[in-house]
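Both complexes shown next keep subunit A, but they swap its partner, so subunit B is in the first and subunit C is in the second.
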Partner chain A sequence: MSTLYLAWAHIVWHRWRSAVLVAAIALVLAVPATIERLLTASEERLAARAEATPLLVGARGSRLDLVMNALYFSEDRPDPLSMAEVEAIWDSGLAEAIPLHLRFQAEAAPVVGTTLDYLSFRGLKTGEGRVFATLGEAVLGAGVARRLGLGPGDSLTSAPSNLFDLAGVYPLKMTVVGVLEPSGTQDDDAVFVDIKTAWVIAGIGHGHDDVVAEDGEPGAAPRASAAIRQYQEITPENVESFHFHGDLAAYPVSAILAVPPDARAAMILRGRYLDAELGTQAVVPDRVISELLGRIFQIKRSLDAAVGLVALAALVGVGLAVFLSLQLRQREMRTAFRLGCRRSMIARLVLAEIALLLSMAGVLAAGIVLAAGSLADQAAGWLIGAA
Partner chain B sequence: MIGRLCLMIFALGLSWPAAAADKLTVYTVNYPLAYFAERIGGDAAEVVFPAPQGQDPAFWEPSPEVIAAFQQADIILLNGAGYARWVEKASLPRSRTVETSKLFADRFIPADTVVHTHADGSEHSHGGFAAITWLDFSLAAMQAEAVATAMIKARPDQADAFSSRLTELQDDLAELDNQASKIAYSAVNQDIAMIASHPVYQYFARAYGLTIDSLVWEPEDTPSEKQWIDFDAFRAGAERAVMLWEATPSQAAAQGLADRGGVGTVFDPAGNRGEGDFLERMRANLDDFAAATTFE
Partner chain C sequence: MIEIRDLAFAYPAGGFQLRIPAFDLAEGERLAVVGPSGSGKTTLLDLISGIRLPSAGSLRVDGEEVSLMSDAARRAFRLRRIGFVFQDFELLDYLTIQENILYPYRISNALKLDVATRARARALAEAAGIGKQFGRHPNALSRGERQRAAICRSLITAPRLVLADEATGALDPDNKLRVLDLLFERVAAEGAALLAVTHDTELLQRFDRVVDFRDYRIGAEP
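Moving on, here comes the complex of A and B:
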């Protein structure tokens, strides 16, 4: 007990030097464990969403871009395909087809244009308000609502897809009608609108002043003039004037989430997209993400070796610091010996000090790992979103 | 005995909510589809057609609360061909929405278009299709079949009942089709100009080989001089003129028509609920139409 007391008294006397030593050892222990935890959380999060998505149909091109965009709302932009493809899947009876339009952002959150079937498929429920019912209404993911402090009755404005798209896309002011319950997925950080609202943002659906007959006579053929004023907000007063031109089947979607009823239907549906001449492809997200994770973990193995070497070097550094510290304390130890303290007692004092320092570093490292663990999901989401 | 009765009442009390909960909730955008759903679904379906009586469901705009009720339905029946413009702007779950005219989309009749130009110089057309498809009774039978298919998909265990009720309904529609064909056959052989107060009879005209020109008159209004000039232009010297009104015309309109030697008949498209069911109203339409096109 007296040994521990004396060791503790020495640590307290040299409190700053001891604190630096404890922090250094704690970081050496915590950093590899934290990285491991973060990577595991990212892997689980990536894999869980991919496993929950049976099939994705998109334009032929990078499969990874398609999956990252459609599942994790990344900023990859696969070529669009037409709404006719959605109808073709429905008509085939092989799967439910859920369109996704992912091109715009609102307050730095992706705007996901889709149908109500998406919310049902992902099991997303409104915590506040209701789901979107008409053009111009938006439902926020829990994370977006919290970050922006928005709720039902508030509004948010879409942004152009990029700074150079100044001529193409007008911002649309959308009314928030609901906030989803937290799901712990990318859906928490997205803004959901009907796909037709996404087309309005894209400018291919619009509302404007009335087109009136020139002579005002009932039944006379209306002749519209140029420079009709277009609306930038959809309100109950002007929603009736919003309309879409041409065949909706030709309208763009970024990807189609296909939900077949069984494995056989999934197989047949995939078979329909094997022809390389087709401009479309069907991918199994789980396989694409497994390939991605395989590559990431090859890199991780190299990273582990590097981290191990760095940790070893750091531990050697700490050992050197302890050794030098003992060298500096030679006079102190000689004095203790002359006062009648046995060599074994001196050794016990040194060992007790090292044990106390290591214990404190261990506790601090555990604290860092635990704190990082509680933020791991959030950090994993950020990592995936930034990928 | 009393104990057994109590037990039965208790058992009924337990089973009733379950049976009610098991009912298919079907929302429709017009009365003909509601009628088809009621006939095919029978007691197994709770059919809701929420448009208020007296309003044209094609132009009615439901509130967000009504749209939310549509979103909760087991089956949402749309007419298609652009009928009920609100559908274009509403968010409905595709998995539970049935466009009943999809099978004959290639037979839609294009409607007149309006072209306008935007500030950026881009030009667009507001076109679309004539939407009162059910006045061609063979197309109505196909829409009824789409309703039955959706119900069978939702409740496969009741497929036989749905199918047998569909057959009965299609027989009734075939009878209407036959009757309309006979009336039209006798009408086309006479020098009659058929003029409609609104462009709603395109499918009826095409199905039964009639030529019906359309004005855009409100039956309750008094037509202006210019409107009568349009009427005379459509008549174009025909020996007789028959005017098809969607609803009972105003006294002034009826008198104006009589002054020109025209005959008016109300042909109710039955888009909304009214007096009598769909079949009764269509039979009455055809009887009145036959009377209006038969001359001594």
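Moving on, here comes the complex of A and C:
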């Protein structure tokens, strides 16, 4: 125990030098492990959600953008398709069709305009309150509710998509009617509304004061003017005034989750979108994500080699520091030997000090990896968002 | 305490040779060894403590023939029966004065560090006038106080012989006398013999006997 005692005393006396050594070794150990852990968490989250989504229909273009936007609510914006595609899938009897409208945000969370089928498909249940039922109602993912401290009865406002677009989107104040149970997916960080509410946010559905003839006579031609007040909040009193002009079948959706009953129906449905002349495409998210992960892990292998070289350089530096420390302690060792210390004891003393430094670095590295692990979901979400 | 007969020593590289026909140190005696640099004084201390072995002759310390001991036995012998005081104190800056005094117990499993030993360390420090510095580190002490601590360390194992290599060489005149007095006093109190290598001729009259070492050297010490 004396060797440990002396080694510890030496470490404590040179506490700053020891701290730098410990921190350097800990980083060398922790950085690769943390990267590995974060990438694994991201891979798992990406793959799990992709595997759980059989088919995705969207506008022809980047398949990756389509998948990242529809599954992970990234800010990639694929071209919209029309609501008529949703009806067409339903009418084909080959799949359930769940529309998704993803264009807006509220308090930095994506606003997902969809139907109640989405919540059923993802197995999302309300932990508090209820699901959305009418225009202007919102259900919050667990993460958003926790972050904003909101619950049923509170309200939140959509963010204008462009502050300088005066003719465009105005904020809509939405009423929170429910909070979903945590799911550990991107759904925790989203705000869910009926797709018609998303269209109201987009400005293609709206509510305003009655437009009547000035004299109020029945049958008189209505007169609209800039003085007519457009509602920025949907309330029981004004909900009846909200309406949508034109054919709803032409209204935009970002993507459609298609849920075929079996593999045969999925195959047939995919076949219908093979024609390159069509403006739409059907993709299997699992395949798209597998390709993406393949690329990520190719990059990771290169990164591993670079990290390995940096780690080697750092360890050589640490070894040099230990060697120089031993050189500085030659006199101490000579004295110990003159007093009657065995040379093996001197070696044990040095090894004990190295072991203590490595142990502390190991504990610190484990702490860093654990801390990174507790943030892995958050970091994975960030990585997915950045992908 | 020390009995040398027809001792010869040569460094493997050659050049320097030491021949000592006869050299004795009685129990409790205070002997000063003088001589110019390179005359073999420090080599003598190394031979007596078993760090180096003679190439011929007899060297008995406390009744034991040093050259016949194994490495381990010589280390144990050094640790238990010989105390060392060095010119530059050789205290460890990362240990307190208490732990420096107890250092021989920390570097060997053969010596058991117990409550009595700790009490002895404190008593030695008190007797040396550094009781108040017991928990401090060497860099907080004056040079004289550091050498007092080194003397305490040399005596902690209750050795039969104390070897002092220029123990006062790094001290100012006032401290030289005080430290030497302390060394004499504590060595006498412990019943040990003292063999001190010194260049300082002013101090020689205080020793029981003085040996001029220049007569034993052949060649130059490396």
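The rule is short, and it goes like this: the second predicted complex is superposed on the first by the 366 of 387 C-alpha atoms of A that agree within 3 Å, B and C clash if a C-alpha of one lies under 4 Å from a C-alpha of the other, contacts with A are read in each partner's own complex, and residues count from 1 in each chain.
Keep in mind that, in the parts below, contacts are C-beta pairs under 8 Å (C-beta built on N, C-alpha and C of every residue); 3 or more make two chains touch, one makes a residue touch a chain.
Just so you know, these numbers come straight off a predicted model, no measurement behind them.
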item: First (subunit B), second (subunit C), both or neither touched by A:T335; value: second
item: Contacts of A:G149 with subunit B and subunit C, given as first, second, both or neither; value: neither
item: Contact breadth on subunit A, by residue count: subunit C or subunit B; value: B
item: Which superposed partner A:G294 touches (first subunit B, second subunit C, both, neither); value: neither
item: Of subunit C, residues touching subunit A in the complex; value: 49, 51, 72, 75-80, 82, 84, 86, 90, 92-95, 99, 103-109, 113, 137
item: Of subunit A, residues touching subunit C in the complex; value: 2, 5-6, 9-10, 12-14, 331-332, 335-342, 345, 349
item: Subunit B partner contacts - residues on subunit A that touch it in the complex; value: 90, 96-98, 115-117, 120, 130-135, 137, 177, 194, 196, 206, 208, 211, 217-219, 221-222, 224-230, 239-240, 242-245
item: Residue ranges of subunit B touching subunit A (in the complex, touch as defined); value: 61, 64, 67-68, 71, 85, 88-95, 112, 114-119, 121, 124-126, 215-217, 224, 226-227, 230
